[in-house]
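Worksheet: one structure, shown below.
Residue numbering begins at 1 within each chain, and the chains themselves are lettered A, B, C and D in the order written.
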């Protein structure tokens, strides 16, 4: 399995680790019935759980991702409350000049104008730091296109909710690109669950089996 | 009770509504023992709950606040996952030129330099919108000092956790100012609970009874 | 509005209080767009939110219920984790002889046999207490049909999830009866939200507009 | 590491799997500072996090346990909402005659009296099933000492809250025995975290380093 997927101009999603996979969802679902696993029945079971909205067995599958993304993407992402975030601090670290600069399809002829504005903001940031202003104050001038990074630990049920909202044409393009990377890692590590999700429970309009 | 507390240069906290108060915490705590309320015993009960870390009765007290604060403050605030947020959207609305500009105690001689940087960013934002760039793209150049606004519904237990972390000298000055406003509304609407919290369960180093 | 609905042979649901109602959902949803309320638009807004799965504004509506129900119903109910429970304690209080005895439609000719079994268990409980055994030990012989009581504070989003699962023919009859009472209080206190929920977002097969 | 710990007369806790361990807490905590791991600093970091109540890095450590315990213990356990439960169903499976019978230290001379009461209840259960009553109805006569089983997936932060409340002399003896088994698995799989927890953050009065 690929470990890192590049996203946007300087970002990425890395799968740090996955815990359980299809197997643990099947095992924990079967305890309701005290029944044993068999390959044929397992596939059917996952389908049935997904169709009937019995999503709690999927909570036992847990992922940790390492993400690098612009702050406006982080803002949308962190609204998903069921999961754990550990993020780089703008109080304890100094930022590098790493901004997301949208390309022509997004910013048309204004790409350079945006790049310049971001660069100017960064120059101010540097000069503030140089004159002894605290990092936590200086960063206030930095734009929302600044790249940040974080760890995200999330169970498969909450991840599916994330995909329902973020792999959808109504989601902003930039977070959708990240969500597509998350979906790819999900499909590779939990093929049965992913397939049943997209067929029977998915509410978005982008993913396909 | 005062309904709005001004915070920083252009922000505020409004208490939209409070649900229950001291009474509901006492009532729900007493169900464990099937005992009846009496004024003397109530105060002692709240103290005992707080000292022993039995915080679940305080979950039945619920607040809704309306907050206007800079985005870097919102970023810290939204990390508190137990609670509900509804925020103004930068995709569906156009921002006004409203930035938090720190004063001399924070930015020394650099106040004007910061104000100028923010103004320049806003000029770019306006020119991007004028040339037809989408709001969701144009806002990427806006700095984290931009004011946003949101509703926050939170129970008293989660609110006390917020105060533990944010009314503390280790918290950044700006969010601490907001947290002080939250504490004031809390103390006025739930005097018994607030008093017991600060005396027996508070982990910060700023609040006093 | 009716304050108490009787459920099963000795149970009930009481609406202790409701916070916000349709109005707060509309108000908090409108902040995204910074738009103002108008009666015609409000109804349409609630419908749109519900159809598109934008359920966070409904988190600002909060209910507190007081419930008396058998322990096997409580066990199913408490699985709904987003919400606050304060329950009578079997360690700190002594139970009365109050059991749910299913009627003929559930227990056929065995009604009396069940009643006798429950009564015998209660006789043992009393004799254990009399001989000085602790309440927390003596209650181990009591059956799951024993009535208990609790406060439940829950927001409307979580309440709708509860209704999706519990007002459904697959739910056990007894908890379904309680869920019908919850639905009735919900419909009376939030008519717009309830109507939109049942029309556009409800996954069960029992409720009707 | 031992995989199963026997608890009470017929119960147990099994560690199904653990995700991350001390290493992931250290790694995710270090992202705040963008600093690198070193053995000496790691131990100090864990101590500092624990002393200052910075518990979010510990959310990235995840455990799955398999537990067999009486229903009255399950009732206390399931009150811990941050975590995932998948439990055997009394609607879809038929129970065996497996009850927790407290020993003399708990029930004195009444041990046999309790055993008989439980056996009689089980005889009624069997006769109800035999006459065609549904499992979901018949089980209403079964006492709370009945053994059930479930999977529990929980992060280390929530697990520490569980230990704060359940490895304490105020907790009921039976759940405390289970909590001691959980603590043992925790100490063996995350020695640094466990040691710092007991020294600097533990609120109970039973665990020792």
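In the analysis below, a residue touches a chain if its C-beta (ideal position, glycine included) is under 8 Å from a C-beta of that chain, and two chains touch if they have at least 3 such contacts.
Because the structure is predicted, anything quoted here is derived from the model rather than measured.
*Asks:* Can you name the chain that lies farthest from chain B, using the mean of each chain's Cα atoms as its centre?
*Replies:* Max centre-to-centre separation from chain B belongs to D.
*Asks:* In degrees and to the nearest 5, what turn takes the CA positions of chain A onto those of chain B?
*Replies:* Result for this pair is 180 degrees.
*Asks:* List the centre-to-centre spacing of chain A and chain B in whole Å, with centres computed as mean CA coordinates.
*Replies:* Here the centre of chain B sits 26 Å away from the centre of chain A.
*Asks:* Quick one: chain A and chain C, Cα centre-to-centre, how many Å?
*Replies:* So the centroids are 35 Å from each other.
*Asks:* For chain B versus chain C, what separation do you get between their C-alpha means, in angstrom?
*Replies:* So the centre of chain B lies 31 Å away from the centre of chain C.
*Asks:* Which chain B residues reach two or more other chains?
*Replies:* In chain B, 85 touch at least two other chains.
*Asks:* Would you tell me which residues of chain C are touching chain A in their complex?
*Replies:* The touching residues are 52-53, 164-165, 170, 203.
*Asks:* Across the complex, what residues on chain C touch chain D?
*Replies:* That would be residues 70-72, 74-75, 78-79, 81-82, 85, 90-91, 100, 102, 106-110, 113-114, 117-118, 120-121, 124, 127-128, 131-134, 136-137, 139-145, 172 of chain C.
*Asks:* Which stretch or stretches of chain A touch chain D in the complex?
*Replies:* 16-17, 19-20, 24, 27-29, 31-34, 56-57, 59-60, 62, 64, 84-89, 92-93, 149-151, 153, 155
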